[in-house]
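Input: structures, listed below.
Below are two complexes that have chain A in common, paired first with chain B and then with chain C.
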Partner chain A sequence: MIFVFLLVLLMLIAAIAASIFKDLISAVIAAALVSLIAAILFYLLQAPDVAMAEAAIGAALVTVVFIIAIRRTKRFEE
Partner chain B sequence: MNGTLIIFLAIIGAGLILCFLRMLKGPTASDRAVAVDTVTTTIVALLVLLGFIFERYVYLDVSLVYSMISFVGLVALARFLERGI
Partner chain C sequence: MRRIISILLLGIIALGITLSLAKIPFGTPKTKVGRYYIDKGVEETGATNIVTSVVVNYRAFDTLGEVTVLFIAAIGLGAVLTTGRRKKPERKIEPASLVLYTGCRFLFPLILLFGAYIFVHGHLTPGGGFQGGAIVASAFVLTYLGCRERRISERGSKLAESLGGLIFVIVGLVGLAVGGYFLMNFLPKGIPNFLFSAGIIPILYIVIGVKVGSELAGIIDNLIEESE
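Right after this comes the complex of A and B.
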């Protein structure tokens, strides 16, 4: 139970960090970390198929799409 | 759950917190990328341990997909940081 609290706390801090980073690549990395911990929480709630889909879409696909989008625009927020 | 498994969970939690501090602090984006990759490796170990605790060995497939998928994201990130896709 303490472990679930730790994971939720880390997820919250990563989400706040993703919104205040000025370097957009760092923000994308923090968002990928939020998605990874969300997959762990789905796994702890005994839903391994949902965790598999979340890990595939959230961690890899969204990261790659965001990186391609940042490459077409600017990297640093002003 | 006996005492050994609780000690394992505590060690994995300590590793997660330390890598997380590096992700928050790291001066460049490369430091953060390496920290998130280390968190991924630690979480794969956690998934295997939880599959052992719950005694459902179907759950090990999740850790397989997890480690393969995170590799793709890290390769895309490293390629962008080196020369920009």
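Right after this comes the complex of A and C.
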């Protein structure tokens, strides 16, 4: 149970970090961490199908798409 | 002032969601149809993974719609990104480091195999066409990081995509011809827990896996081409 609370806490911290980071690459990595922890939580809630989709799409492919977009634009937010 | 208003609005939304969800006890079944799937799913469809029996058997028509949405999204992205692109001369691509290159060459077939395993065993174990397809696409993403001179052939991915959609619809139409309704499970259900069981479910999930994998890989490919 404590493990789950720690995960949720880490997820919240990562979500807040993703919204306040000025370096957009770091923000994207923090957002990927949110997805990854969401996947672990889905697994703990006995939904392995959703967990797999979340890990593969939310944490991997969306991150790649964001990073490609940042490479085309600016890395730092003013 | 604007900040205060937006915080206030967010607070109201959070309050509304909390109040509306507070009365629902967590984890208890809310509908009768879920119980039915759990009790009768294996018997009726032959798939031991009940999520799969819902996605590709009871709700297969919805899945066809989902696949179509993804297909349209991929087509739209391709159309937006490739307009006015001229054939660029061969650029010198900076090679990846030795560690990345070797790791990519070693891991690429393994990830591809894992993705294929996920969607071939969709009716037995967790996962299925969408998850397996996403894993296959992530294997191609690794190729773009590590082995940069390699590209998936655009024709190959388009062919896999179109064949996938075509086979899905043809299987559905055969069901319509044989049993009277679209996407009917006309093949023998076999013994649950065996690879060759559950009738058309493995076939549909394999074509969904191939289709989703090639679509997502195609989307990433389009974006990377555009960004170079």
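Of note:
Operating definition for what follows: the second predicted complex is superposed on the first by the 78 of 78 C-alpha atoms of A that agree within 3 Å, B and C clash if a C-alpha of one lies under 4 Å from a C-alpha of the other, contacts with A are read in each partner's own complex, and residues count from 1 in each chain.
In this text, contacts are C-beta pairs under 8 Å (C-beta built on N, C-alpha and C of every residue); 3 or more make two chains touch, one makes a residue touch a chain.
None of these values were measured; they are calculated from a predicted model.
Applying the stated contact rule after C-alpha superposition, one finds that A:Ile68 touches each of chain B and chain C. Once the two complexes are overlaid on the shared chain, A:Ala32 sits against chain B while remaining clear of chain C. Contacts of A:Leu41 after superposition on the shared chain: neither chain B nor chain C is touched.
For chain A, the partner that touches more of its residues is B, with chain B and chain C as the two candidates.
In the superposition on chain A, contact is made by A:Ala17 with chain B only, not with chain C. Using the contact criterion defined above for the overlaid structures, shared-chain residue A:Phe3 touches chain B, although it does not reach chain C. Applying the stated contact rule after C-alpha superposition, one finds that A:Met52 touches each of chain B and chain C. Touched by chain B in one complex and by chain C in the other are residues 48, 51-52, 56, 60, 64, 68, 71 of chain A.
Chain A contributes residues 48-49, 51-53, 56-57, 60-61, 64-65, 68-69, 71-72 to its touches with chain C in the complex.
Of all the residues in chain C, the ones that touch chain A in their complex are 49, 51-52, 118, 126-128, 130-131, 134-135, 137-138, 141, 216, 219-220, 223-224, 226-227.
Across the complex, chain A is touched by residues 9, 13, 16-17, 20, 23-24, 29, 32-33, 36, 39-40, 43, 46-47, 50, 54, 58-59, 61-62, 65-66, 69-70, 72-73, 76-77, 80-81, 84-85 of chain B.
Within the complex formed with chain B, the residues of chain A that make contact are 3, 6, 10, 13-14, 17, 23, 25-26, 28-30, 32-33, 36-37, 39-40, 43-44, 46, 48, 51-52, 55-56, 59-60, 63-64, 67-68, 70-71.
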